[in-house]
Structures are given as C-alpha cells and as structure tokens.
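Same chain, two partners: subunit A is paired with subunit B first, then with subunit C.
Let's turn to the complex of A and B:
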C-alpha cells in the first residue's frame, strides 16, 4: 500500500518534469492571477461567514448572513426577481444578436466591415454613454421619446420613464441590449475570420444548399469554442448588471424597481460597509451564474447536430 | 495585396443570396448602425461645442458653431493650474502600453498549454480561471487593497499595471481560440526540433492573430480609461481619466475642457481598433493552416 503510493508520487513527479515547459509558460500569469484574483475571491468567500464592518476585525457568525439574506431581506428578493427578469430577456437576445450581426458584418467587403464593426462596437468603446439615454428618456417634454409621442398625439403629458416603476425595468432592458454588442460580438467576428474557408467549400460540394444549412452544419460547429466564450461572457454580464441601473434609474431606484443583485451588493459593500453581508450577496450571485453557465453549456453541446 | 483581398471576398460569395435579401440586410445594418453610433457622434460633436451650446436646454445633438477653444483650454488651462496635461497623458500611455502588452503575452503563454495539452493540474487551472470570471469585483476590492498595501504597491503604477496582466478574460479568450489550432501543425514543429517556447512564439501566436488583436481591443480601452481608483494618490502619477473627474468637478467653466478630454479618451481606443481591424483582414487572406 505504501509502496503503491510511492510509485504514484514518482509517476506524478515524472509527469510534471516532462511537462515542465508548460508550467514555465504559465508561471507569470498564474502567479499574478492567484495573488490578485484567486486570493481576494477566497478572502471574500471567507468574509461572507463573518460580521465585518472594516473597523473591527471580522467576527465569525456562521450562516447568519445567508439566512438573513433569504428570510429577512425583502429588498433582496426584489433584486433577485429583477435580475432574473433582466437576464432571461437580455441574455439570450443579445447573444443571438451578437452572433447574427457578426455573421452579417463578416461578409461585407473588408473596409466596410472594419467600419461597421467599429460602429456596432461604439457603445462599448466610448465608455460612459448613458447620458444619451438620459436625453432620450428624459421625463420632461424635451425628452426625445416624450416629444415624439406627444407630437404624434399618443400621449398628452410627458411620461416619467425613469421615475415610474412600471417603465424603469423595460427601459433598462432596452439600454442594456443596446450596450451588449461588446466582448462576445468581437470574439464572434474574430472567430468567423479564423474559420476555415476550405470547410465551406467542401460543404458546398457535399450538397449544402442554402446559407442556413451552411450556418448550422459548418459555421456553428466550428465556432464552438467562441460560442462557449460568448455564452459565459453574456451570462456574466447580464446577471451582473448594475451600472446602467445606477446611471439611469438612480440609486436606489424608485421603489427599488431597477434594483439588481449587484446594486444590492453595492448598497451594503460601499455605503453601509457591511462587508460580510455584501460578500454573502456576491457568493449567491456567483452560485447563480455558475448554475446558469452549466445549463447553457449543456445546451451548446447540441449545436450542429 | 489588393488582389488577394478581392479573391478572399469572392470566396465567401459561393452561395449567393438574392438581391432583395442583400438589400434588406444593408438597410437593416444601416438603421441599427446609425443607432449604435450615437455616442460616437455625440462625443465628437460635444468636444467642439462652445460653452453656450454645451449648456443649451434642451440639449442639442449636433454642434452649430464648432470651435477649438476646448482643446486650447485643455492644454493651456490645466498646465497653469495643476500638473501639466502632458504628465497625465504620459502616465496613461505608460500604463496602457505596458498593461496591454503584458496581458496579451502572459495570457497567451498561459493559454497555449491549457488549450492543447493535458498535464497534472491543467484542468483545475482552466476551471479556476473560468470560475473567477463569475465573481463580482465589488467585494474583492477590499482584499485587493490589503494585498497591494502588503506588497507596498500603493501609490505606484505597478498597482494598476501588474494585476492587468493576469485579467482572467484574456486567458479564457485565448484558450478558446487556441483549441481550434490543428494538433498536427504543432506536432510537425516538434518533430522538426522546435522548443515549446519557439512553437508558442512562432507558430501559435501568428495563427491566432485575430484573437490577440481582439484581446488588445478589449483590454486597451479599460486601461486607457482607468482612473487609478483607490490606489494612486500622488498628483503627478494620476491618469487622464482621473484628471477628467477633477476638471469636471471644477464647475461650469470647465465643462468645455471636460468635453474635450472625453474625445481624447475615446480617440485612442478607436484608432487602435481601426488598426487592429485592418490587421485581422490581412491574416484572413493568408491563413490556410486548418485541418
């Protein structure tokens, strides 16, 4: 028994030595990654089981933060509902939009393609762009949408788009969709450009009749790595939405109509300084994202038959 | 080159669409495109607006009487009152260049073994990187600050540059792209006696050019627009975006300068974007290495 363990150990050491070049290649990244990402995340997971106000040392309180979150925090339940509602609409829609636009743009002549990519990526590249939506959805009659509706005679008085609970979430969803042609859109464009042309030619010979067949049987399966990347990015960003809500609906929004898990987290983390509680919120969000990702990955495996 | 591009374009047209569909697509793209380009147009117009137009109510989209005053004020006014504008600019350039270059190289170097080989710990490391993408940055800020202060990096540019090298997104993206590289290509190189480092640098990297150009596009704007956050306190170490914050707090008279900085902050990512995009096209025309 002991001998067996010894041999396993020797084999592992030999295996590590054989692959030493790979460890050397990974070393710079991994060292920095562990110090500045893994360590803080682990610290945050630990803090979620404590009461920590950043003045006194953390005090261990077990599952208390979590039970408070689900049993005593009505606002969190609103945030949870809003986030799910938000993600269920923006996640899939923007994922498909990202791919479709990338697919269409990729077939344009090179110069026009570069220009169109820039145009579609513009909202992501120009940083803080919410002010445009503040003008468009402005609550007075000078807001573009209000002005438009009133001129058509559809409404008589300006609608308070960002102050009325009935509209806030829908407005946020529209803006998020507009902003969401970002990371995955670029990855899809790059993926389509690394696509092997000879596969498409071979497909045409083998009886692929139209572009939809080409898309389903050739393009999508060979882009699986990028599709997976896009899915993870899209899920992460649609569940972690916060900046838009804060910029447009205010913080906190009217009756928490635009409240999301991350704005709830910001509330406790950077305003009330209850770091333990904020960390618990982050952990719950993390678990939700993880579950959604696993589910999506299962679905993605079915692409291309 | 021009001929090559044309032929690459014609290649894709093997399955033809009807004229009507093509036309529809163009209209659709143009409509959506105009809508998406709003912030670009607005920011450019804003930078050239004289003060009275900037404060016009209701706000107007396009500039009526364009002026260069804002840019003049930007260089002149700040130079007199605080640290010279050029200092903010050079700080930002330094952070952006070093941060982006390091990120692309280190993330790619780490992604290559994870994408193509199996070795003890490879699967665990991949999983940890993907998992870390899903953790909210709002709560890791404080542990991060504590680590920085232990390392003595507070108030240095290292606190922004070095963590940027190991941004998880980059490794994940590169790994996904490198998975598509044909293993036969790598084996052939190995057979010819190339070392792993040479394979990585001379075979893997050139073949995933679209991927690392994408990575540059993704990483560069956030470094260029970083305000140094909670780590940098010395005035002469601060970044452009930080200066923007300070200036716009200076009140109404500074709004023009703020609009000008807004354009300066945007122009560099866009230029980089255009350069990368034309490069991506080049690789496409010459690559024929898939199996």
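Let's turn to the complex of A and C:
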C-alpha cells in the first residue's frame, strides 16, 4: 500500500517534469491569477473572522461577524431577499431570452445577422447609460412613462417610480433585464454557428419530428460549453447587481427597497471601513455564487437526457 | 310484564320531555348572561361589565313624563341634555340629574319660536346649542343665552336636487364649528355646513351594496324594465358621534362589516378592524332574529366606542383597534332591560341608555370587571403599558376567556424584553402579527447563543462531506432496510415517474404494490393529523375544539376513493386499459410528495416567523403541483392514453366526482327521511298504546 503510494508520487513527478514547458508557459497567467484572484478570496475569508478597521491590525473575533450578519442586521436580510429576487427573475429570464434571441438571429442571413447582433449587444456595451432609464422612469410628469400613462388617462398624477418602495425593485429588474443581453448572448450565437449541420441531418434520419426535438436533443447538447459559460456569466452578473441600483434608486435607496448584497458590501467596505464585516458579506456572496453555479451545472447536465 | 314495561317507557319519556321544558324555562327566567366573542367566533361567557343601578324618568326630574325622547347629550360630564321630542322641549340637568332648566322656546328676532319634533341635539363647550329641528325642517344654533346665532333652513347648492327637502335628524359639531348633519332621505353621506351655516359638501357616503343576482337581472333587463326596478342606492346612516380629535363615528343599519365607520375630514373610513370579530354587534344569530340593527354610537376618550343594537337592546363596546370589550343590556321588563332603546351616552364611566317608548333613562355603572377593563384600555392607550399589563392581568383573573387581555400582557413583556413570555401570551390571545414579531426576537436571542457552535459544526460537516460520502453513507445504504426494493422504488417513482409507473404497471408484483398503497394512504392520514395537531401557530388555523382525527382520515380516504371510482367508471367508457386496482395504486403513489413535504414542515413550521410562512405556502403548493403531475403521468401510463386525452379524462373525472357526491347526498338525504319517518311511526305507536 505504502509502496504503491510512493510509486504514484514518482510517476507524478516524472509527468510534471515531462510537461515542464507547459507549466512555464502557463506560469505568468497562473501567478497573476493567484495573486489577484485566489489570494484576495482567501484573504477575505480569513479577514471575515476578524475585526479590521484598516487602522489597527485585525483582531480575531470568531463567528461574531456572521452572527451579526444573520441575526442582527435587518438590512442585510432585505439585501439578501432583493438579491435573490434579482437572481431568480433576471437570471433565468435573461438566460432564456438570450438563447431565444440568439436562436432567432442565427436564422437570419449573414449581413442582417451581424447587424442584429450588434443591435442586441448594444445595451451591454453602452455601459452606464442609466440616464436614459432615469428619463423614462422619472418621477415627475415629464418622465416618459408617467407622461404616457397620464396622456392615456390611466393615472392622474405622476408615479414616483424610483422613490416608491413598491416599484423600485421591479423597475430595477426591468433595466437589468435590458442590460443583460450581453456576453452570453454572443457566446450563444458563436455556439450556434459552430453547430455541426450533419448532426441535424443525422437526427432527421433517426426520427426527429419537430424543431423542439431538434433543439432539445441536438442543438442544446452540442453547445453545452457555451450554455455553461452563459449560465455562469448570467448568475454572477445577476447576483452582483449594484451599479444600476445605485444609479437609479440612489444609495441607499428608499427604505432599502433596491438594496442588494453588493450595495451592502459597498456600504461596509468603502464607507464604514468595517473590513471584517464586509469580508463576511463578501464570503456569503461568494458561497451563494458557488452554490448556484454548482446547481446550474448539475441542471445543465440533464439537457438532452 | 309487558304493560309495566310500556308504562315505564312512557313515564320516562314524559319525564324526559318535562326535563326539557323545565330546563328551557329555567333558562328563560335567567337574566341574559353576559358574553363576549372568542377568536373562533364562539360566544364565550364573560362576567358582567356593567350593572343597571337606576332609572330616571320625567316624574323624577319633576318635569312631567317624557314623551318619545329621541336623544341625549352629555357635556363634559357635567350637564345632561335630554331631547324630549314629543313635548318639543329640551331638559337640562346636571350630572346627578338635578334639574337646571327646561328649554321649550327661544327668542327669534323678537318672536317666540318653538321646536317641532326635534330629533338630534349637540352642545359645544361654550354652551352653544345645536338642535336638529326636524319638524320645522331646520337646524337651530343657539348661543349660551338661547339667542339664535344661525338658523339653517333650506340649504342651497348645485349638489342638491331642486325639490330637496331638508329634514335633519342628528347633528354633531366639530371644534372648528363645522356642522355635520345626518338628514333623513339623504344617501350621499353627511351634510357638512360651514360655521355660518352655508352648505359646503357631503362627506362619507356609504358604498352601494349590490346583490350579485339582482345585478345580473339588471344587466339582462331592458332599459324600460330597469327604470321600473328598485335603484341601487347606498344606505343611510342611522346615527353619528364625534370624538375629541374631530373624527366622526357613524353607524348604519346595513348589516355589513362596515356598519361602524370612523370618518376623517375627507370622509374616508379609517376605523381599525383588527379584532376577532368585526364591529357590527352580534355575529351569531338565528335566521329568524337576524343581525343587529345599530341605532346609536357613543365614543369616549381613548378611542373606546360603544354601539347600541336596537333589535336586541344590547350595547357593544370596542376599543380603538376594534376589539370587542364587553356586551351588556337586553330587551325586557326588568331593570337594565329596554323596550325601544334609541340613544346611549356616557357620563364618566357610567352609561345612560335612553328608551323612547318608556320615556326613561337607565343608568349603568361599571362592575369591578368593567372598571378593570376600561382602566386597562385607557392605560394602554396612554402608553402606560406597565399599568395596562397589571390591569389586563386582573381582567384575566376575572375572566379567563378575555383573549384580548393576554395580548395586552404580551405587549408589556415584549416591551420589557422578555420575548419568551411575550410569545406565550400572544399565542394565548391568537395575535399572529405580534406573535411573529416577538418570536423573531426570541429566536434571534436563542440562536445568538448557539451560533458559533452551530456554524463550526456545519463547516466541519461540509469539509468532511467527501469522507462522509465515502464511509458513512455507504454503510447506511448497506443497511438491509435500505436495500429493500419496496422502500426505494416509491421514492424513485416521484422523480422518474414515466419509467417507474411503467414498471409499476407491467413489472412489479401487484400484491406488494397494493400493500404499499395502503401504507401510503395511512401515512398521508397521519400527516394530516399531525398537521392539524402540531403545525406551528402561524400556519395552523384549525380550531382545536373541532379537531377530530377520524374525520381527518376520512378527508384523506374518501377523496381518493371518489377519485378512483370516478376515474374507473369514466375510463372504462373511454377505452382505458387500467383496472380498478391499477388506478388505485397509481393514485396512491402520486400522493407521496404530500407526505414527503408535509411531515418535515410539521416540525419546521413551529420555528418560523410570519415572513417565512411564504416558504411554507410555497412548498405546500409545490407538493400539490408535484402530486398533480404524478397523477397525470400515472393516469396516462395506466390507461395508455395520449397526454391530451389524459388531461381531458382528469377534468371529466373531477366533474364525475361532483356528480357522485350529489348522488351520495341524495341517497343519504333519502335514508334520513326514511329513518325519521320510521321514528315518527314508532313514536306514534308508542304514544297511542
């Protein structure tokens, strides 16, 4: 038994030595990745168990940050709930929308396709154009939606879309949906274009009846990598919504109606400088993302099954 | 021998009937027992809060008998104004009913003017007198020396019809001098007059109550027919009062939950109705009696208000949140009972009830219980929760059925930070909102102590998952019990219904399947019983007094049987392949999710707050939908139907169940009639020989 293990190690070392060139080539990226991604995550994990205000050295306080987070911080619970709403609504909806648009656009002739791709991708390259939405959802009667509703006579006075607790979250979700036709959309188009046409022909011979079956049994399984990429992108982006909340609903939003985990994190990290507590929030977010990603991967494995 | 037996039977029967009559007699002699309504809307006995002590009439006052008095008004607990409508006069006394003066006329610009059948009276703090002089179709406003300030006789406005006839009946005046008049034949609410007597607007109209059937007729009829029909008009108010803050309390005899209203300056109803029963008088009544007819309302300090039920002569007192505090009074001939009560007022904590037909005023004084309850409500209203809790405790000692008091005690504990006690008391008072509030705090407090330990254990467990998977889980799976196929395939069925239902139909042993089906049914019954008994307070709305385990089993078994029978009888006609036993098995197997989701929640629901009830409801609906889906797949597989045909049969099955239920009802009804016929015949024979 021991001998066997020893041999394993020898074999591994020999393997590494044989592929040393690859390791050297990979090294620059790996080092940078380690320093700028892995290390901060680990550090944050460590700091989350301490009290750290950037002036004094961190002081170990055990689970206190987490206990405070889950049992004392009502705002965090609101943020958690809002984030989950975002993730549950925008995540799947925009994922499916991305795929459907990609699928439809893929059917168009090449020149129109290129143009339409640009049109649909535009929202996410345009970056911080929340201002448009600010005009649309403006709280006075000059806001587009208010003006429209009042012109039609559906409402008599302007609605404070971005200042009324009842509407903030829905408005944010709509804007987020609009913004989310991004990278995963491009990835889906790429995936659809690399599709092996012969597979579809073979499927037709093997008794595929309609386009839905074609989609389920051939198209989707063969673009599983792109789907996975899209899912990961979509989940991380919908769980990390913060900018639009700050830009549209303000910071903090009315009665924390548009508060998300990331805005909570910003609050404690960059305003109050309670780094230990902020790290705990970040860790919780990290764990949530990890969990949802694992879950989606499991679900994606079922496609075409 | 036979004769003596018959004799014995007859004697015992007579005795029994006697007993019944005697019992009801004894009951009738009894003064109406005091009661209150519980959370479950049962009437629960309560000690009397008020006792009638005195009767005041015209002779006692020394002004001759009163003739159809209609209103009384108490000014700052020092002066009492009695409106003696039949004699067209106002009798003014002090708080002890010592006569001060009698007003029967006033000097109107040099002429002597009299009232004619006045119905309502109001007096302001500076002794200005407002009289709704109904017979003369005017409102008279007199100053402290009885000189007319303003006389409102025929208001003019675009809001009023040409032929409008102003018949004021009741009247209140707010601090700013605005006059609110309840006029006869006005459906648009109260008429509001500015202090100088100009009609400004209507406020607080009742909403139109529409009977859906009548509405349907109206829709179907022609314009001509419609014009001849009774129009839907809002009901009139029956009385009004005004509180210290200028809110108008109004009552109407509409028999809805909104009979009592608290109107703000805009005429919007802002009465809180958080009590166990809506503030509308009696909520339990026989059909012949009908609901309460509210005729007067009186509000005192601390938002306490009382309403007078003209039909049964009872006075119901509520606090500002709409909780019923106590009930007293009744119709009859003895002290504390009335013939035609028309008005109530309060002098301090004493009640005055004016009887129109008898022309007398009954004075009620609070008993110890009434005093304690009043004091408790007042202390709580003033924010003195400590004293309120003390008073509520005393009230509970006098009346353990007074559920509202437990909530008051709970609130004091909540304020003090004793969450555990608060939770207990809120549960006692069935106050789910506050219970949840207290419970969250209590749970946090408890969790905070265990949090580090809990998290550490959790982290260790997560880090050790691979090890657990490798060594322990394998061993658990290796236990012979888990190896049993019979235990595993029902569980596999709920996640892979298509494959497993097929296996169920064609591969597996039917006898074993049947046994498992019965076990599932038994487990589901058990789940229902556990749910009814042990579900958390926030999600459990079962009245523990009406709980019956056998009925719960029936509720499970009968629908399943109905479903199977209906489905079987339908599918035999629709070329379904399934036999009855197969249908039964597939249906039972489809019920597994209800058990799997239901049982953990029985435990979990005891540890949730109101916010988390959403999760409970969500998972219950998931279970139901999952069950429906399994039912669908099972049906499809058993009968070898296409999906659309399965959906069709399932819908038809539901219809058939309705039909079957109807037949059963008919059958039982007939049996019952037959039985009662037999019983009658038997009795007849007994009585004759």
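We take it that the second predicted complex is superposed on the first by the 293 of 305 C-alpha atoms of A that agree within 3 Å, B and C clash if a C-alpha of one lies under 4 Å from a C-alpha of the other, contacts with A are read in each partner's own complex, and residues count from 1 in each chain.
Following the convention adopted for this analysis, a residue touches a chain if its C-beta (ideal position, glycine included) is under 8 Å from a C-beta of that chain, and two chains touch if they have at least 3 such contacts.
Just so it is clear, the structure is predicted and the values come from calculations on it, not from any experiment.
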Ask   = When the two structures are overlaid on chain A, which partner does A:61 contact: first (subunit B), second (subunit C), both, or neither?
value = neither
Ask   = Touch check for A:71: first (subunit B), second (subunit C), both, or neither?
value = second
Message = Just checking: does A:123 make contact with subunit B only, subunit C only, both, or neither of them? Give me first, second, both or neither.
response = first
Request  = Classify the contacts of A:303 with the two partner chains as first (subunit B alone), second (subunit C alone), both, or neither.
outcome  = neither
Key: Superposed model, subunit A: greater residue contact from subunit B or subunit C   = B
Ask   = If you stack the two complexes on chain A, which partner ends up touching A:88: first (subunit B), second (subunit C), both, or neither?
value = neither
Query = On subunit A, what residues does subunit B touch that subunit C touches as well?
reply = none
Remark   = Interface with subunit C, subunit A side, in the complex: residues 62-63, 66-67, 70-72
Ask   = Residues of subunit A touching subunit B in their complex?
value = 12, 15-16, 18-19, 21-23, 25-26, 28-30, 32-33, 35-41, 43-44, 47, 54, 101, 104-105, 107, 109-110, 113-114, 116-127, 129, 131-132, 135, 138, 142, 178, 181, 183, 186-187, 189-191, 193-194, 196-201, 204, 208, 210-211, 214, 222, 225-226, 228-229, 232-233, 236, 240, 262, 265-266, 269-270, 275, 278-279, 281-282, 285-286, 289-290, 293
Query = Can you list the subunit C residues touching subunit A in their complex?
reply = 444, 447-448, 451-452, 455-456
Ask   = In the complex of these two chains, what residues of subunit B are touching subunit A?
value = 5, 8-9, 11-15, 17, 25, 29, 32-33, 35-40, 42-43, 57-59, 106-107, 109-110, 112-114, 117, 119-120, 122, 125, 128-136, 138-140, 142-144, 147, 162-163, 165-166, 168-169, 171-173, 176-177, 179-180, 195-197, 200, 208, 210-211, 213-214, 217-218, 221, 225, 265-266, 269-270, 273-274, 277-278, 280-281, 283-284, 287-288, 290
